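Look at the two complexes coming up: chain A is in both, with chain B in one and chain C in the other.
Up next is the complex of A and B:
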């Protein structure tokens, strides 16, 4: 068990972070290179002002017409994304690992809060799953990959929750948690989870087109 | 994935152009055409849109077709992409002729390229662009619906949309000038005046069917003392159906002719009539194809020009229009040009009472005629009408709050709304701003 733990928290973790950061850089560089090669005009329409205006709007809960149209989803998606990003970064037991390995540390969440946020992520994943299964316009465009990416995202939180509470098979759960977290990191640049990288860019482009050329609001 | 519910199909007559085009297709032609367009005419934008879309369905409620078909997911913007482009990409171009026929109908008649969905997708994915890529493929496969293909042919042969022949154009102008001279003795429709302040351009249906609109515009310019001119030869027509059939090459030719006419006449600006799609073409699309970031010469839509004339007091209103009106915001000049506040200034200056329809401004519902849909002709009239019940409901609501006249400052909207108002028995009179200005303005003796 110790050898497995050492492997997943050592070399495998390096690999996951390499794929995550390397993958993001690769996808971004490739995108810019492609745009430059075939659709250079896009650069001439980009505007910092209107990009940030649009992205900013869409980052405000209920700030856009469509967020207001879907209150339940809006609450779920904001809760989900905030907890998803904040919990792993500021979790005490994660920061301890950074501290042990690299002697760096930062502010952490109280464990109780982190626990609640973990549960929120899981609940939101369940909500998204149900929405996929029952909402006609979502169901119609759902593919197998949508369930896979949902599972990839839910897994580290479910396993992390179980491992934290040590309800059963702690060592196995801890390893499952680490592996699933690594899978998620590695999958982000190479699946539709890449919307994490690309959505600010697509929004920025639409915001720029609307602001600069169309003189209209895109929210 | 999950089995889809049956699509609610509007009744639809045979489209001979499409039927013949589809009959000629071979699997090889389909595959190579799709691959060529995807490989050599699209790039990172398309692939990023397709890969970033998280299949959340949040764009659904943006679309009037979706809302009008009781939330049938086939009509959700992303649903249309699934039924067309996703499949083409997934099958690497190996789709059947029947698939192409369906894709042609979806991309041409069940999407108006209105871009409302880009305001509803959290990622700003441009589904109108994706539908245009589908249209481009359909165009290259020779399966464009008959009626709109005919207008593209007309553009190609005559450089105008309506097969207006060379002499018909100046003849029509002269005829309108003579008619108008009965009312304003020294009115002129000045042709080819080099160095005039503005070139006025119209869509070809005006000389063909609605010559009185040219009369009205001439009367307004006359009253305001505008220094204006029209080209007697190529370039007078600002309309552009080639832009909607994916025939970018023809689009480029006709836009170049239009800009060239203005440059030849050494005018300072192009002012165009109350048309939305033409504005999109001249202000936003044609210039890009020809390599200009923005149009080579300032483009002023009629709403903008009327705003200027009224604001500067160059046109005086004898009395305000007493009947309550409601204002339709045409997608191409509002979501495409930000003219909504100016349109309201014009409306409030001209009318005693303006009843807002909801939603309005950038969020207004499309007329379902735009994006070339109405130009696909009679076979798809029902598609437009059943696909825009939500517009009828919106208009009814405005009528309930007192509106009796509907201002639609766009030709396509005008005709599309006419069909909707008529079919659903909404009972609103439809007018252009020009109609009101002509009726209400102080006329020189």
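Up next is the complex of A and C:
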């Protein structure tokens, strides 16, 4: 038990963060390098103004025609992403550990609020799963990897919820939580979860092309 | 008559005995978390005497330490007459870790080093 904990909270945690940050840098450098090599002209029509205008627009719930077209999905998408990003960063338990390890700490969510946000992430994951299984047009474009990615993201939240409440198999659940979080971090740069870094760039590109070149809106 | 007197004596003695033990210092079974403004977790398990016996800690100053003004640990002196919170505040103060971190580094730190004793949140803070 101690050896396992020491391993997953030590070397494995370093490896996960290394793959996460290193992977993000690698993917970004690769992207810029490829664009520079094959479609250099893209840089010439990139614009901060139109990039930020488009990103800002798409960050507003129901701010775009596409968001308005699928209200259920829009609510789930926003709820999911906000809770997904905010909960782990501002979770008391995590900040306790940052403080212990590196003497840094910051504002935290009350545990009760974090608990509700965790449940929201899990509920949204269930919604995305059911949608993939029953909506014909979504089912049509779904492959096995979509389910794997959904599982990678849901796992840290499900295990975290169960570990926090200590409902069953507590030590096993706590270790499973740590490991599944590390798997998710490491997977982000190298799977379609990389949309975390790439979607703002795609949006910037679309915004710039529509705004600066076609003088149109991309929403 | 004699019998009743004996029973009365026994009861009185018993009551006296129990009330004395109830008012004397109770065995410490948790680290009181009421010194925190709004505790988020249940108090940590800690049966003071049994713990230190099982862990074979002889030196009280492993936990009840004393530092001089230069932050150097004072050997052969201990501070069990003060609570940790008298020196460790809610926020870090220079080299003095905040109370929560002081407990965690002290308790969990030793457990990790020795490979014995709880290291997971819920093992110390069970609901």
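Observations on the structure shown:
Just so it is clear, the second predicted complex is superposed on the first by the 219 of 219 C-alpha atoms of A that agree within 3 Å, B and C clash if a C-alpha of one lies under 4 Å from a C-alpha of the other, contacts with A are read in each partner's own complex, and residues count from 1 in each chain.
Note that in this section contacts are C-beta pairs under 8 Å (C-beta built on N, C-alpha and C of every residue); 3 or more make two chains touch, one makes a residue touch a chain.
Worth saying up front: this structure is predicted, and the values here are computed from it rather than measured.
Once the two complexes are laid over each other on the shared chain, residue contacts for A:144 go to chain B alone; chain C is not touched. By the touch criterion defined above, A:70 lies against chain B but remains apart from chain C after alignment on the C-alpha atoms of chain A. Using the contact criterion defined above for the overlaid structures, shared-chain residue A:45 touches chain B, although it does not reach chain C. Once the two complexes are laid over each other on the shared chain, residue contacts for A:93 go to chain C alone; chain B is not touched. Look at A:106: by the touch rule set out above, it reaches neither chain B nor chain C.
Judged by the touch definition given at the top, the superposed model places A:168 against neither chain B nor chain C. Annotation for chain A, partner touching more residues between chain B and chain C: B.
Partner chain A is touched in their complex by these residues of chain B: 1-2, 4-5, 42-45, 47-49, 51-58, 60-62, 66, 71, 73-74, 76, 78-79, 82, 118-120, 122-126, 284, 288, 293-294, 334-340, 359, 362-363.
Chain contact summary for the complex, chain A toward chain C: residues 2-3, 5-6, 92-93, 96, 99-100, 103, 110-111, 163, 165-166, 170-171, 174.
Here chain A touches chain B in the complex through residues 31, 34-35, 37-39, 41-42, 44-45, 54, 58, 64-66, 69-70, 73, 133, 135-144, 146, 192, 194-195, 198-199, 201-203, 205-207, 210, 213-219, going by the rule given at the top.
Put simply, chain C touches chain A in their complex at residues 40, 92, 97-98, 100-101, 104-105, 108, 111-112, 115-116, 119-123, 126-127.
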